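Below, chain A partners chain B and then partners chain C, in two separate complexes.
Showing the complex of A and B:
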């Protein structure tokens, strides 16, 4: 056999056997073997096409792992929470984004999509189970939330605001949209009851309840002015960074349904089971207690398309988000606070 | 003897002749394309399902397609068939060698290919079969990979059963239209003197000799008058002891005037190709999302309706309309030629317009999406590799403002070429200029309407 014939046969064998072996062997065996960290590939597809694969991974506390996210069909936004501050941004179809991280503490974390990817977008979640190497196999303890427990004990129905065409939002009448700025100027001229000065009290009472108290203590003042004072009192005390973070969380996770200005007119609002509530409606927001809004965000809405975010956000992030929601109707200190 | 309008390239470029006569020439190119082909199958099967990041979709349906339809077929005819990797494994197994010329018979069961299938009909229906699923094949890497793999498998199986390149000649859905459109190519393989072939008793180009194999395309070069069934493998150049094989440069579309070889199966290939170019433009580039969903098999009933309409338009509507055009042409000119013959003759006028339609259609997505090639060449599987540092290359449409001009220019050139062809064909049936002109009018109207249809789709 000629030398060039032998060479050609060798090339054919290289193509038919060597090429597949090299490509697949490198990707599935050599590459992970050469990596200094454990590599975990997570494929994301629209929920209707399977969501995250795998949707649950296990790592040990203190172990450094590399999570490689890819999307197979639509653009996803990949974040991991709560409390890790990890947001990989958009992952386009066919794109791979990776992050190398170490989970310091045992617990349960969630990787999730924060970019509207499909009507079942909220199902785009996966779990990182971080085990304690000293206590392998221990079942995770459920995280207690005293705020929600207190509401249950109090018998508060946090789902009383289901918003349909037949069931409008509960609202109180206000003469005008309250203004934090006006309220701040008026506060020194108003007799503010002690309860209203207590942050814990404010969280467990609605602005409407507070307004009644304020009117009783200040009979000579106009209701609209006193509503401004309430708006100021409910405007929280968040730093600029916290407000920006809350705004980012809102825009990525809430705006698709509730709209960027809280008007309940997000791009997918029409496809939800019930109408998204309207945070920009001051009359409605005055009926809402902060702790109820908090609970709703963390637990989700029963019988509605409102997903739970308690596994994605920290409690502080949730409180900041509550405050941001108030800014849409003038009662918060967010960037939209006095826009209305 | 080379006709005056031909330039013998082998005479002008002796180095080209040396290269082509080398037994290594074709296998080397086939090995390169086989590498790309195997990579395309692998990436399709194991890579990302996202077509825009998968080597399979980008390199097969954009890069290869663009090279084939915009460069190779119009300018080099069946050159692709000479280097196509699909028949390569089967052919190498038949020959029991890749480069070396092995003596003895081809390793095959040596069955006889059915006479009734010795035409383009199988390729016509094969192309339609693939075309009906094209929206799926062109966008899903795994489906595309299985299709490519099945081509390879069928090629090997047919090589095991039948002698020579039965797959290429009678089965390959791509080979059919390459053959049809290669009639336009300015490159041809012919014999210099047909008399030499006629008197040559051993016919080495058919039987083969120590320098090469008998024509794997089962073509006798001595009778070759068109490019349609010559795969440009140049085995005959190697085997011809009379040094009678030439490769000529010639005017575009010369084969369209070869009247005696016109056939209904080829005519239908022209309808199918024109119809598919129009329908692809409607489905893939048009603004009708619902139609794309139907073609994409959003539901089986939707796809069934789409497929039925697709077949009806290609096999009945377009040929039916053209039949009426032929009837009008015959009546206007008073030609006594049988209607069926006229129908087949004039169908060849669709060849230039059909190819220009395909080029215009291809320009529409090749220029827009070609830049994906930079990314996938570095990350062919979409696994996050970066082999050449271009994995992050963004999507950059090329000359978006020029695309429409190029499409208009291509279609206009195709229309003019087709009209000119129609007139020349009419003159073959009538020596009278006026009658030929009249005969051409209905055909010209049809061609113009089709062109306007393309332009409407591309220009909005």
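Showing the complex of A and C:
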């Protein structure tokens, strides 16, 4: 073999082997070696194509890690929660977004897609398991939620709104859509029982129950006016910022099925097992307790396509969301409160 | 005088040139009054519905873009307008269609495998450059025939037998 021929073969081999070796070597060996923190590459794909890979990562409390998110098919949105306030925004295919962070105590967090990337988008979640280095063998304990535990102890069926032929949707009849604004004006002229003035009591009782008590105490008033007062009492008293935050959460996570105006007519509603609940229906929402709505959001619906959001949202965010749901039927103070 | 003679030669081409220019830029009569047009655009994998929108020049156009399955985007070429649409939360884009012509609107969020083909068209005003050019070509063809006839070429061709004629 001639010298030039050997040289040509060497050049070809260099390109065929050297180039991938350099690229992959940098990706998997050189860059992690040069980095001062532990690097974890997470590739995101639509759930039908595999979801997050890996979908579970383990770190120690106090350890600083760099998470590098990339997408292999469509535009994804990356957020980590609950309560961390981390939203990396959109990750286009070919783009890498990274975040360096330190988890200060043991527990579990969720990294999830917050952009509707495919019909199964809501399944796209991964787990960050934060271990206590002092106690490495300990299994993460499940997060306790006193509200849901109290409902279970009380024997409340969170899923009693899943209606079938022999189990109709719980609903009461109202003469008109209640208005928070009208209720606020009326409230000083109405005899409001002490229970109804207690926020904790209101959370664990439905507006329909409260309306019966209010009617009993104010026999001279009309039922429609008293319903306005109940709407005002259940409006939550959130600040404008809290409502905007709740609206953002709703639009990103709920509107696809429940609809932008809570009418249950979102574009994905046609593909769910049961029809999504209609928050704009005041007669139905009057039968709902705040703590049941809260539990449903956090735990998800049994036997329906309602996902659980307890691993994504904080408890305060969930309560704000409950108030936002009430705003669709005029019983809250959201932007749509009195538009109906 | 020599220059007058030259001008005489160039008089016809100059006239034709000026007429052509006038034909291409002179506004057509009967332009419609500008109105506001509300158009709902449904975006789903992998098409916009409607896929083609006609408006008149000067119209105020309000596009309501609604994603029907996954997150989509809307980008209008020429006007440089862009929005992102989550399913369930429609977005409005409002602008005055002051530029005439055909503009593509396309999905600006990578929504799936056929995302690059998710394209629609906005047509502003009648597509006059095309029709004017067509008219110009037809006129030029007629002009060429007339010129050939005038210059006696047709008679020659008849005599040669290159061009058959039924009339004696």
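Operating definition for what follows: the second predicted complex is superposed on the first by the 318 of 340 C-alpha atoms of A that agree within 3 Å, B and C clash if a C-alpha of one lies under 4 Å from a C-alpha of the other, contacts with A are read in each partner's own complex, and residues count from 1 in each chain.
Assume contacts are C-beta pairs under 8 Å (C-beta built on N, C-alpha and C of every residue); 3 or more make two chains touch, one makes a residue touch a chain.
Just so we're clear, the structure is a prediction, and the values are computed from it rather than from any experiment.
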Using the superposition on chain A described above, determine whether A:93 touches chain B (first), chain C (second), both, or neither.
both
Pick one for A:260: touches chain B only (first), chain C only (second), both, or neither.
second
Partner chain in contact with A:5 - chain B first, chain C second, else both or neither:
first
Taking the superposition on A as described, I'd like to know which of chain B and chain C A:15 touches: first, second, both or neither.
first
Would you check which partner chain A:216 touches, where first means chain B only, second means chain C only, and both and neither mean what they say?
neither
Between chain B and chain C, whom does A:252 touch in the aligned arrangement: first, second, both, or neither?
second
Mind working out whether A:73 is in touch with chain B, chain C, both or neither, as first, second, both or neither?
both
Figure out whether A:199 sits in contact with chain B (first) or chain C (second), or with both, or with neither.
neither
Common ground on chain A, meaning residues reached by chain C in one complex and by chain B in the other
71, 73, 92-93
How about chain A: which of its residues touch chain B in the complex?
1-2, 4-5, 8-9, 11-12, 15-16, 19-20, 23-24, 27, 68, 70-73, 92-96, 98
Of all residues in chain A, those that touch chain C in their complex:
46, 71, 73-75, 77, 90, 92-93, 115-119, 121, 251-252, 254-260, 266-268
Chain A-touching residues of chain C, taken from the complex the two chains share
66-71, 86-90, 109-113, 115
Sites on chain B touched by chain A in the complex
24, 27, 31, 34-35, 38-39, 42, 46, 48-54, 89, 92, 97-100, 379, 381-384
